[in-house]
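Letters A, B, C and D mark the chains as written, and numbering starts fresh at 1 in each.
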Amino acid sequence: MHATSILSTWAGLLPAQHEAAGAAAQVAGAVDGPAIAALAPLLPLLSFVLCGLCAAFKVRSKLPAWITVACLAASFAAVVATTLDLREAGAGSVMVTPLFDWINYSWGTEAGQHFRANFAFHIDSLTCLWMLFVTGLATLIALYASEYMSHDVGMGYCRFFAAFSLFVFSMACLVMGDNLVLLYLGWEGVGLCSYLLIGYFYKKPSAVAAAKKAFIVNRIGDLFLALGIMLCWVHFGSVEYREIFARVGPSLELLREGKVDQIPGIVQLIPLLLMVGAFGKSAQLPLYVWLPDAMEGPTPVSALIHAATMVTAGVYLIARTYPLFLLSEYALPIVGWVGALTALLAATIGMAQFDIKRIMAYSTVSQLGYMFCGLAVLGSVGAAAHVFTHAFFKAMLFLSCGAVMHGFAGQLDLRKLSGVAFMKGWGVVGIAMFVGCLNLAGFPVITAGYWSKDMILGDAFATPGMQAIGWILLLTAGLTAYYTFRVFFRVFVGPKHFEPGDELHAHDDHGHGHDDGHGGHGHAAGHAPSHADFHPHAPGWAINLVLGILAIAAFAAIVPLMTGGDNGPWLASMVDGSSAKYLGVAASQAAHAAGHGDGHAHATFFGYDAHKAMMVVSGVVGFIGILIAYLLHYAGRTTAARSKADSLLPAFGPLATAAQHKWYVDEIYDLLIVKPLWVISNIFALIDKYVVDGLVDFLGWAPRAIGRSLRPSQGGELHGYAIGMAGGIAVLVLIVLLVTF
Amino acid sequence: METIKQIINPYMLYGLCVLGALGVCLALPRRGISPQVLGALVASLAGGLLLLAMGAANPGSLPNIYFYVFSLVALGAALRVITHPRPVYAALYFVLTVIATAGLFLILSAEFMAFAMIIVYAGAILITYLFVIMLATQSPQEGEVEVLTEYDTAAREPVAATVVGFLLLAIMTTLAFRGLPDLKTPAPLQADSLLAEMPRKIERALDAAGTLPEGGKVKLDDANRAVVDWTTRQVTVVAGGSESQVAIPDGLKASNPDRLGFNLLRDHPGTIEIAGVILLMAMLGAVVLSRKQVQIDEEAKMKQANSLAAALAKAKIDNRTGEGGGME
Amino acid sequence: MTHGTLSLLAQTGFPASMAQATLAHYVVVSLLMFVIGLIGFLTRRNLIIMFLCTELMFQAAGIALVAFGRFHLDYTGQTFVIFVLTVAAAEASMALALIVLLFRRKESLSAEDWQELKG
Amino acid sequence: MILFSLILIPLLFAALLALAPAAQARSLAFLGMLTSSAAAVLAMLRFDWNNGAVFANEKTFPWLGELGIQLSVGADSVSMLMIALTALLGPICVVASRTAVTERHRTFFGWLLVLQAAMYGVFIARDLILFYICFEFTLVPMFVLINVFGSTNRKHASVKFFLYTFTGSVIALAGLVYVAKFNAELPVSATRESLAAMMQAGGTPAPGPGVWTFDIETLGRAARRMSSTEQAWVLLALMVGFAVKVPLFPVHTWLPLAHTEAPTAGSVILAGVLLKLGTYGIFRFAIPFVPAAFAEYAPLIAQLCIVGILYGGLICWVQTDVKKLVAYSSVAHLGFCVLGLAATNATGLSGSILYMINHGLSTGALFLCIGMVYERYHTRSMKELGGLAAKMPVWSTFMIFFTMASVGLPGLNGFVSEFMCLLAAFQASSAWGSSTTMVEGAMDAGLWGSAGASTVGATHGGLGPWYAAIAGIGMIVAAMYLLLMVGRVVWGPLVEPHGHGGHGGHGGHGGHGGHGHDAHGAAAGDHHDDHADAHGPLPADLTAREIGVLAPLAILCVVLGVYPKPLLATLEGPVNQTVQLIDSARSMGLQLEAPAHTTSPAQGGAPTQGLAQ
């Protein structure tokens, strides 16, 4: 018994699984999910392990890429299967697939005396929606990367795909976790992978710094998320979604009755804390600064992690815990304003940048702001839809940029590239880029981006008190259209012209890249002679295939948006079938009632129905943006570098410069936070050395010093003894004098 | 404080102590410019004032004028002893101190001690000192200016020492003055009973006065004391078997050495023995210490060691035995 | 010195008494001399002078002893001065012998040169 | 007996080592470590993990009967886990020191074995004196290891380490002896009397109140009967001793110095086990002996922890010495650990004990990693090292891995314990409750918007969300300094100390031949023969032996991060028992204090006045 107990305790997954299953079964309304759902995260994990082994055995082929693609594809299939299972279970159903116990202990039998955060997967329609595009896009981008990263075969290749797989695993945990702690695991896990992948070119100090920045800024958000989780647990006695949502009921009742002020303050505080976590991960003000820098990573990483999936985790978090957000008076308005301001700020910065990848990064920040606004204006469907469509077209845009970067030796400056779409072998890239730009700009009717953006704008104008946000978003939409097509008109059309980059990012530390990577070009007289030989190396089949699929998918994204079954469009039904719409309609109505008193009336846009009006207005705004971009960057452009727009630049004065320098936000942060902290740290170090330790040293030194100071008196010097004797007598006599006084 | 005030105002006492300290401090030799004369003047001033100020409230009980003369000379010479850079002069000043002290002893009616002091101290001990000083000081070579040694010209920590010294002075004077008025004045001697112990002296005095009968002797009792009737100051004299009463001459009394001798020999015989032993041991010690032998041994040892070292070094260098070196 | 002066100085035998104020004068002289000797001992570095200073202190002690003896009409004070004298002589002989010895070693009379005697 | 053998086996091998030829010292030490670890494994197998609170394998020998001192051992699950950690790190240290220690093998390995025995002794002791002897005796081997085998400033470091911790422990001993004295002066209860009459086999009376004994459990029972003033003083004495060992904020300064100067094995043991003696002491003595006082002063302790977390973390951030950085990070990390203890709830205590183990694994491994680099480059300065990923990919992987474990990345071991400690601090607030009678509660109710909010997850305690929030900043700071270290040392352009960086192009060399050490070896051989000698036979990247040292730690990091359930399960017993002690002390304190406050002025006033008159 003794000997076997430890073994049985450690024995492994099987008994624990039963335990967890039993525990889960106790929770009301929980349906055991399909085991296949567990494959969705586990297959990427397997891929991670295999890639790790490849690295250990120094595999010098594309094997890790194929492993990753295969595993991710299988994972995608598992998600699809799960989704089908879920549909069978019926709309709004929730399934739980337990795996094994994680942090699970108790100190009593009462409620709240048992902490349980297990490896178990919460499967509902929101999960499936997210997992579908995460695994799907991940598969495609892994395929893209297999070619894109090919120059690193045998070196960073295994590392790249290992981290890539680990990312998908973490993302799956984030999305599928059945409790907030598992979400936190995924949350930090994707942060780690982001860190590892941004720092992929680890010899570049800027990449290392960017990776560090991303991780630390994210950690700030993570802290608040963790505090939110703790508060959640203290209040609800659980971190599992099912139990939280079950216990949030009384408060929702209060909300429905309009007694907002009776909702406990703790509950209202939870979303405020969770929100900051979301801001960190989704690069919103004031924590957005890491995302543009994160473009130091390889482009597939930018596409998958920093555009399509990871950065939408914040949106997911809010959508997932939407009932909690509804309870707070302040949470959603704050989210909305932060989102709107971020959208505008990032758009203004994006307009002034020249690095096309950075423009895309700022555009991502801006679009994430849109999504947050969508959530804030009680349009979680719109937000989810925008996440969905944005994932496709933004990934495509990044991948197109990546292809350009790949082909032109790291050249990303839009002043040094022109007419790329018309070069030989670049057609697919050009088309993909065009499709992406149309979507991002919100070209009316035919693009998915238009519809999803429209939903958010409509909701914003339809929600009382949120019109201001709506106007900001509308302005941002125009700016977005402008800077998107600025890139397109400058880089992909117009006269053919290119200057190769100094060096391909990936090549700077790998010898073989130098010879063919350094290209020359006739126009670039200033470059090294070898540049004359430079030929842009057009993308291969994998890249083209992926771009093609994505281009189609970007359009196809309209389908789930617009069509569907009985419960409205598919996507809407999926969102509504989850916690993101959990009692949402009633709650929002109640919130409106509480806020204004005039019940169900939607706000209107100049007397028109906001949703219908937006279809027109946003389309027009998008057109105007594109038109301006055309006039400034295509019609008036003479060479690659010069266009009429440049002459307009001085008109904006310091504003343009400031926007180009990202409104000096990095510098301000550095000045206000990093520098003082550094100074304080140094002061602390000095205090530690001289005060805290000095005190200790003094305590050790004092007896020695006393002894040392007395030592000369015993130095054999006659006078010393004599004076001691005389002084001693004086003291003695003095004592006698005083005593006998 | 009350008791001190009978003798001197305490503030004046302490003030003069400070002044004296300042003076002594200045008078001590030091490197560079040292205001020795000024210091000496200040110190003497302080001492003199102190002595004058004491008992000024009751002029009748002041000591006589010679006390001031002798004490100031003694103290001034003592100050010079400790301030003079040349040991020889210091020793000579010490002689002066001894002589002045002897003068004080005279005032205190201790004539024997006064002269013994001069003879033993000034005559013997100080001469020994001078000898040693001569021995231990190199005389300047021909045409060479005598240079004082550094340890003679610069006092060591004069301030600290002076402060300690005068602090001690202030405390001790306070202590002494506090107790002095409480001392009970002893009753004057009723009779010079000690004279009875010295029958021969009485005999000689009677003889000199011519009152002693021929062949007469002073009558002794069992303890060999003269039989004296102090009320009439008459001593019993036995002359040829008959006793007669003879008056003791007026001026006759036991002198200072008499009394001292009696005190010393009758009251403190053991102490004398001890003193004798001390003197003997000192003599032996001095003889042993100053034996030339010791030094020779040391020198010989050193030479031997040196030569051995040299021999070894030599052997090391040219690989030869150092016998020659050993013989040196 | 004339007879008169001497007799003035040395009142033969012990005079009837001595005022306390007068005793105080002698005590002060004695203490002053003692302190001067002490200061000398502390400040001078020449071994011989230091010994001279101890002699000074002996002197001071002698004055006090004689004065108190006089005050108490007792000769023991003077007797003790004799003993002091004896000890001083003994000490002087030993000390001077030692000084000579030390001087032979180091050619110096400085007390500071003999710190190693601390053992 | 199996537990006694844990002490005896290393000592026996140490004695053998002293007699054996120096050439065989290494293998003999390894054998000794393995044997003792095997004994530990055997003890673990015999332990009933389901009843973690029961002290198993108890064995008692009489020793000094007059004072009731016994050789008494036993282990509950907390002890067993600490023993497991010790048993793991011991052999690893021997293997890791294979090339690092180049001379005086017998001294090094002999003392390492003695240290191992002393550490085991601390964890298994059931008698206070035995505990204390072992507790103090860890200092001697560590002193020798630092003093003889340390780097440049080793003399100062070792003396400071010894004196500092020794001073603290002596004060702790005073507190413990006071408890023993208090126990001895208690009246012998009636039932006790009859029990005391029944002498034990050795002729000593059974431990209990009224007799001199150092039995930990008896003393614990007695100590809880002390007055609150006495409890506070005893707590102070104990905390001084244990806080120095931990080390908590103001008394931490010996640690960076000792870590920096110690040899690798010394650092690993120091960070891995020796620091845990402090936290273990708090858990084993401070809390059960004086639970009421501990609960009362827990906020103060927690505040010190938080200061340590932030202050230590920020100091890490500006260090240039890698080892010093990790050493200061220990100050911050142990701050979390003690914060969990100060939360005085089950979450906190479990988390804290887990933290002890996890910190031992991850920080121990970090020290091992740094030691491996030090062996190759003979420097620990971040200014002289950089971009080692190019040259040492395997090492870099491990380094990043353990850094992440140390940062507290979920999925690795650090997270579970760190999260639990923070959660414990968060929930441990009396203000959470619905008790509006308390002023604090009323204020907080106002803050949270509503009274009577359901807080099912809250526990009693003096901390609160602010403690967790501020301590949580430590997580951010931890990321800042550890990533700074990784960014400098592992990533970035290759930087090597002078004499190492001369050969080969920085980038090209790392890129082409970075995987094999052949290229490096050849380059070194061509250009720098002397330096090839200087770092001995070690290749550029890790050897199989070094990987073998790090791999078990890495595996454990993952396993404990993903599946801490068995540990948590077995810790429930002792932890819940301790929490009950605290809770009962707290409730009793509330009952006792209330009347005491009202009556004491009336009663206590009169005699005071009488005295004054």
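By our rule, a contact is a pair of C-beta atoms (placed from the backbone, for glycine too) under 8 Å apart; a residue touches a chain by one contact, two chains touch by 3 or more.
Since this is a predicted model, take the numbers as computed values, not measurements.
Student: Would you mind checking which chain's C-alpha centre is most distant from the centre of chain D?
Tutor: The chain farthest from chain D, judged by C-alpha centres, is B.
Student: Hey, how far is the Cα centre of chain C from the one of chain D, in Å?
Tutor: Taking the mean C-alpha position of each chain, the two centres sit 73 Å apart.
Student: Express in whole angstrom the distance between the two chain centres, defined as the mean CA positions of chain A and chain C.
Tutor: Chain centres of chain A and chain C, defined by C-alpha means, are spaced 99 Å apart.
Student: In whole angstrom, how far does the Cα centroid of chain A sit from the Cα centroid of chain B?
Tutor: 103
Student: Can you check how far apart chain B and chain D are, centre to centre, with Cα atoms defining each centre and the answer in Å?
Tutor: Distance between chain centres: 77 Å.
Student: Using the touch definition from the top, which residues of chain C touch two or more other chains?
Tutor: Expected reply: 38, 42-43, 45, 111-112.
Student: Which residues does chain B have that touch at least 2 chains other than itself?
Tutor: In chain B, residues 156-157, 160-161, 164-165, 168, 172 touch at least two other chains, as defined above.
Student: Going by the touch definition at the top, which pairs of chains touch each other?
Tutor: A-B, A-C, A-D, B-C
Student: Hey, which residues of chain B end up touching chain C in the complex?
Tutor: 7-8, 20, 24, 28, 47, 50-51, 54-55, 58, 61-64, 66-67, 71, 74-75, 78-79, 81-82, 87, 90-91, 94, 97-98, 101, 103-114, 116-117, 120-121, 124-125, 128-129, 132-133, 135-137, 149-152, 154-158, 160-162, 164-166, 168-169, 172-173, 176-177, 180-181, 183, 185-186, 188-189, 192, 253-256, 259-260, 262-264, 267-268, 271, 275, 278-279, 281-283, 285-286, 289-290, 294-295
Student: Applying the document's contact rule, which stretches of chain C touch chain A when the two form their complex?
Tutor: 38, 41-43, 45, 50, 111-112, 114-119
Student: Which of the residues in chain A end up touching chain B in this complex?
Tutor: 719, 723, 726-727, 729-730, 733-734, 736-737
Student: In the complex of these two chains, what residues of chain B are touching chain A?
Tutor: Those in contact with chain A are residues 156-157, 160-161, 164-165, 167-168, 171-172, 174-175.
Student: List the residues on chain D that touch chain A in their complex, please.
Tutor: Per the touch definition, chain D meets chain A at residues 44-50, 160, 163-164, 250-254, 311, 314-315, 317-319, 345-347, 350, 387, 389-390, 397, 400, 404, 409-411, 415-416, 419-420, 422-423, 426-427, 432, 447-450, 452-458, 465, 468-469, 472-473, 475-476, 479-480, 483-484, 487, 490-494, 507-508, 510-512, 515, 562-566, 568-572, 575-576, 579.
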